[in-house]
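This is the structure I have questions about; it appears just below.
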Amino acid sequence: MSSSESALAVELRGITKRFPGVVANADVNVAVRTGTVHALVGENGAGKSTLMKILYGMQRPDEGTISIDGTQGDFHTPADAIAVGIGMVHQHFMLADNLTVLENVVLGDEPRGGGGIDFKAARAKIKDISARYGLGVDPDRLVDELGVGERQRVEILKVLFRGARILILDEPTAVLVPQEVDELFGNLRELKAEGLTILFISHKLDEVLSVADDITVMRRGTTVASVAPGDVTARQLAELMVGSALPVPELRESTVTDTPVLEAEGLTVTSPDGRTVLEGMSVTINAGEVLGIAGVEGNGQAELVEALMGIRPLQAGRIALRGEDITKLSTRKRRDAGIGYIPEDRHRQGVLLEATLWENRILGHQTKAPSVRGLLLNRSGARADTQRIVDEYDVRTPNIDVLAGSLSGGNQQKLIVGREMSGNPVLLIASHPTRGVDVGAQAAIWEQIRKARAEQLAVLLISADLDELIGMSDSLAVILRGRLVASYDPKAVTPEELGSAMTGAGDGEES
Amino acid sequence: GGGDDSGAGGGGEGGLKIGLAYDIGGRGDQSFNDSAARGLDKAKQEFGIEATELEASQGETDAQKEDRLRQLAEGGYNPIIAVGFAYAGPLGKVAKDYPDVKFAIIDDYTPGTDDGPNIANLTFAEEQGSFLVGVAAALKSKTGNVGFVGGVNTPLIQKFEAGYQAGVKAVKPDATVQVKYLTQPPDFSGFNDPAKGETAANGMLDAGADVVYAAAGGSGSGVFRAAKDKGAMGIGVDSDQYNLPSLADVKDVIITSMVKSVDVAVYDFIKSVNDNQFKAGNKVYDLEAGGVQYATSGGKIDDITPRLEEYKQKIISGEIKVPSTT
Amino acid sequence: MGRISLRSVGLGLAAPVGALVFALLVCGVILSITGHQPFDVAEDMIGSLERPRTVANSLNSATTYYLSAVAVAIGFKMRLFNIGVDGQYRLAAMLAAALAGASFMESLPSVLRILMTILAAMLVGAIWSGIAGFLKVTRGVSEVISTIMLNAIATALVAFLLNPDRLAVTVAGSNNIGTAPITEGGQVPGIPYSGSSSDVFGLIVLAAVVGVAYWFMLNRTRFGFDLKATGESESAAVASGVNVKKMVLASMLLSGAVAGLVGMPQLLGASHSYSLDFPAGLGFTGIAIALLGRNHPIGMAFAAFLWGALDQTSNVLDLSGVPKEIVVIMQGVIVLSVVIAYELVRRYKLRLEQRDVGRALGTTKTPEEVQA
Amino acid sequence: MSASGLAVGVQETVAPPRRRTSPMIYFLLAIAALLVVSLVRVLTGAGNLTSSGTVAAALTAAVPIALAGLAGLWSERAGVINIGLEGMMVLGTFGAGLFGWQWGPWAGVLAGVVLGAVGGLIHAVATVTFGVDHIISGVAITLAAPGLTLFLAKLYFTDAPGGGQKQSPPIEDVPHVTIPGLSSVLADIEQQQWFFVSDLAGLLRGLTTDVSLLTLLAVVLFFVTAYVLWRTAFGLRLRSCGEAPHAAESLGVNVYKYKYAAITMSGALAGLGGAILAVASSQFRDGQTGGRGYIGLASMIFGNWRPGGVAAGAGLFGYTDAMQLRGEGAVHALLLLLGIALLVLAVVQLRAKRYVVAGVATVIGALFILWFALTDQVPPELVSAAPYVVTLLVLSLAAQRLRVPKWIGRTYRRGEGG
């Protein structure tokens, strides 16, 4: 450990934080040297975000002390943390969509002038920072119009705008493509060169090893190790995190047949403001095939999925399921025809947080046994089948009468996967099926997809996790600005190649 | 029925114990209910009697009205006075169960309430009084264009309109009468919205009217304000509005008022019971009985009182028959 | 499980009881400040409940309030705010009254006549609320605005129709105006209540039926599931295959149909004619009761009775010189404090539930156990 | 229940990239509208359509509604639905009655504002501190306020001269102002009945003649609101609480504080609206607000949560209300106006290839024109519905590009974000 060699920017000692039913942080100790990039790793729910929120004054620790540059601090609100030069970019973006970039950035620290906000000064300062770090942010755009990458940069700008000396980045790379990640790391190195201290959380261990100066590993709410990147491999790090080996996404032998299950032709979708978001896209998936779609978020994946599900109207195009035209069918009819759907945002589309597990079992299957009988609900049928899913998919819950909202995200996801697999679908549309899910659950979900594929299920897999895509797909396509621009053989492609195709820089080959 | 209603009944031993149930608005509405209150006050002073006043609430049912009357009857109040036609149904039922209690209802004489031997119906010939103020309006108007602002579009207020129209036309057959009701039932805010009254009156004045009759309860003050701003004339309703403290600042435009003497009716009724002279059935307070009249306070119509008296006599004699519907 | 259910029963009772006590306290303070005796007032009100008539009248008020609340609750369950129950029931009652009073109805058998009247009212209510539903799904017009506007338009329409040239008849000597009285065969007889001069509305049965149907619809049918799902998360419902537009239209129609019933107990059981003094504003009371009863079929029944009883016992206050508006204040405070109490209890329950989940899953381990 | 209601039917708004409509567009639209109205005026001879009297009355009628709408805007911009506006207005009318009667109209206005603010504060305690459903709290306040005021009115007003159980003694009015000279010149032009010119003169005269200081105050408040909410740090923070409170929190903004400020301000403005109503009517009366709080709420939604839109919504309502109160003739002419407006809309929609809307607009428009042509008068009972019908029609046919504050109706608790 080299922490004694230079001054400490941040020192967390004995931090404990309890939530009802959970000890999120238990006697956590972290020391961060000034002018370094310090990575924090750990599986889902290990307590990383909680710890950072405590450092940032968003939550109060039950026990423990925080020292900044050697001085002990007592942060009641983020304002206190901001005052001593701490800035935080949150795991989930903290942006107001209906405000402009400028408004989002200056919020809480507005330059004043002439009785109001000095917009001119603010604009100049934002442009200046944006130019200096190559963030390329236009202060007058509405955040609503921005893509994820741009939003990320706005978040960083917010922090820099306040002149933070200590930056906390909670999973900043989760939504970025490799090129964007490189850019971000370029920025981080530049910041470090200026003497800033960076605290950085990521699940991507390669990244961590490439950018961090020090690494702290958390498990189950406490710090289990502090290591230097030179001393460990990704594998060792992973084992420190979970206490066991990492699961690998991979398919075994090919099960692809030549019976097309999904045939979509010329799908065109326009957004409410008239932009074409999906342009003449054609997709075919055969029984037993997993088609992976790679792409930077916001290039039409959501629209493709929703168009297939009948949630979004088509301007043009035709969709057939097992040879039958379903273009004009409603979402319900499509589900009845055998489409299962794992949505990307489970809280928005996947579960009713305030309904019980067994009621959530019925959701999406309101027309099918065993949850209904004619026009009436079949409560006992639904309950029994929910119990089956809970058992088969290892949903961790005390019983099936708890509200879905009281399960962790991973367990909610397992319930959704179990539900969508029931009733033997012929096509599964899976959007980011393992997003934000810890390794155990991840392995379980992959296993279920493999099993169904072996039983001739066709799968459309959309994911931001390139390893998952490459490992789980039989064929791969890249989506860019509403079109499929390239196809790859997953056995032969590297994440880097995919990444450049996703940003439009690569040259995909037909396969 | 039966059970709990069998008790009580007859009046108190000493002085009378009067129960009075107001319509929505209650004592102090500077209008109809207030007039009843004045009659009660006068009787109280004169006969040294005891009285309890209850009041209706917005949107209540007949059952609540009935309950109100029953509570009075049970409480030994006698006589009991119901102010307003809305009490008609409930009163009919209650009166049957309390044959010894004397009841009076103001503004209603419908089958069901007229047959009770213990109910006095006190009704008014509003159209007759309105006729006379219509005559006054026509005589005072220089433009031959007058207005009528009704508070809420109900048959009762339509009676005022009918008489007023007839009065105007009697003097100037080709005169224009502009008519506006502020709200439609069950939105009774038209009796409570001077701003609406002012807007409506302004519209009439802009369209050439120079006298406006405000049969609009509390909204009248807006009508008078409009008249005052535009140098026009206004006619009040129910009581002699020239003398109302709440209208002191606009009183100089109020040339007359169609006085509906609810106070007289209430007082007379109490007196009749007090003197053991109660008479059931309809008592019409018309011009002849002095139940309706035009006010002369302020002296603005002194010049035309002879003409008005002339018409009044013709109505009393039956020579002119005033319509009660338009 | 036994422990949990005991706990939830206790918590379930804590909220309303605590709130009621709080509301009484507030009113007591107001009364004391203004120089009245809170205990005397309470005694008067409770005392008046000993009169059978007051109970019967409370039941009658509750019947109407309950129907109104169910109409509102159907919308609430899927986050539709039908402020228009008021206009819907008035228009429905007026037209149904005109139909029921029409002379050609006299020849029909009583049951058929009543049935037709009630169906007509439901139809009118549904059409009127359907306009708001239609505008919402086709044009995205907020139902809050459209129902406010439709209330006022209904008022004008009723006034227009309630005219001797159209659907109304005038009675000589009366200052009232209304539809032709419904003759005996078209009326619904009351249920005698021992000791009371007024009967209990026969249509209290209808209210009960509506309540059971509401419960059944919500908890036992696919439609009800879709309705609740839409209310809990529109986006999740859409993804599950619910056609939200159809649901909006359907639930607005349903809500309007129930709203159409609101005026029926009063019309067929007491007034027998729609006239100027037909009670107005019941739609707004319905909102308060639905909120108080938390859209729950039984909860709303209690709320409706509480409300009715408060209304009916208020008459007695004027007799003792206490402004009866204290009751309205009490109603407002009860709504607010009940809801605050529920919220506090809900948070507490959630914490308990999370703790249970945590305990069951063993995530509450200490760091030592983890490291082991 | 609660929250902002269902999004169904509302066209998703994606702000058109960087296309800011210039004020010139609005100006030209207004001119075009006035042209159509004056055309109809000439065709029908219904002078009331554009007379200064109508405009003045419209202004007076619009002010309390506009203030209620503005009140709603303050609250909802901070993320809290305020359906208690009606109740807060009632408190305002009572405050004005009680204090205005004894200490003059300005004291009354102040009292109305303070009482309204107290109502707002209660709403804030319930919704912000206790996380109560916003609708419930609002309904409870609307329910309790008239009860409380009546209770107190009986105590204070029953025996006062000119007062009663349900009304206060008279309140004096505040001064009214007229731009000297201008009014009479405009009056002359208005008299000429020239096409457009006279109509414009009528419009201007109505807006500059005999205007109550309270009306001016209301107008000023609209500009102040626009400035404070969109130009100052306070306003930015307040709006951010309605859009993304956790983002605001993460930047050190005390969300509770801003919500409290916004809702209290909301109550104060609603109270002001009520007080103005009472002062303009010379007294407090039970039931005086007559649903204006709800109409204000409607005008706020109509106005897309923007001050200019709220003013337009309240203005439209005030205008049609004034017109219907001032004489039936104008409402009859309104049929023609609506008919023409609908046909214009049909053409616009046709060009945008929205055939269904265009078709419906054409049919309804033709029906209105037919109704106009075949009758001399709208039945008086129906006339009173004019403002509501017009508002509903405008709303139904205008595209619903509403942008609701994102966090509206939802509970915010510190430390639960991210």
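Letters A, B, C and D mark the chains in the order given here, with residues in each chain numbered from 1 onward.
Quick note on the criterion: a residue touches a chain if its C-beta (ideal position, glycine included) is under 8 Å from a C-beta of that chain, and two chains touch if they have at least 3 such contacts.
Computed from a prediction, not measured in an experiment: that's the story for all the values here.
**Q** What is the set of chains touching both chain C and chain D?
**A** Common neighbours, chain C/chain D: A, B.
**Q** Where the centre means the average of the CA atoms, what chain is farthest from chain B?
**A** Looking at centroid distances, A is the chain farthest away.
**Q** Based only on mean CA positions, could you tell me how far chain A sits from chain D in angstrom?
**A** Going by mean C-alpha positions, chain A sits 44 Å from chain D.
**Q** How far is the middle of chain B from the middle of chain D, if each middle is the mean of its Cα atoms, in Å?
**A** Spacing between the chain centres: roughly 36 Å.
**Q** Could you put a whole-Å number on the gap between the CA centroids of chain A and chain B?
**A** One centre to the other, that is 74 Å.
**Q** Indicate the residues of chain B shared as contacts by at least two other chains.
**A** In chain B, 55, 58, 153, 184, 187 touch at least two other chains.
**Q** By residue number and range, which residues of chain A touch two or more other chains?
**A** In chain A, no residue touches two or more other chains.
**Q** Show the residues in chain D shared as contacts by 2 or more other chains, in ascending order.
**A** Expected reply: 11, 381, 384.
**Q** Once the touch criterion is applied, which pairs of chains come out as touching?
**A** Pairwise, the chains that meet the contact rule are A-C, A-D, B-C, B-D, C-D.
**Q** Taking the complex as given, what residues does chain D use to touch chain C?
**A** Residues of chain D touching chain C: 1-3, 5-11, 122, 126, 130-133, 135-137, 139-141, 143-148, 150-151, 154-155, 291, 294-295, 297-298, 301-302, 379, 381-385, 387-389, 391-392, 395-397, 400, 402.
**Q** Considering only the defined contacts, which chain C positions touch chain D in the complex?
**A** 30, 34, 76-81, 83, 135-146, 148-150, 152-153, 155-157, 159-160, 163, 230-231, 234, 244-245, 248, 287-288, 291, 295, 323, 325-329, 331-333, 335-336, 339-340, 343-344, 347
**Q** Which residues, counting only chain D, touch chain A once they are in their complex?
**A** Within the complex, chain D contacts chain A at residues 11-18, 227, 231-233, 236-237, 239-240, 243-244, 246-254, 403, 405-406, 415, 417-418.
**Q** Using the touch definition up top, name the residues of chain C that touch chain A in the complex.
**A** Where chain C meets chain A, its residues are 219-226, 228-229, 232-233, 235-243, 350-361, 363-367, 370-371.
**Q** Give every residue of chain D touching chain B within the complex, in rising order.
**A** 48, 51, 53-54, 56-57, 60-61, 157-158, 161-167, 169-170, 172, 210, 277, 280-283, 285-288, 290, 321-322, 325-328, 380-381, 384
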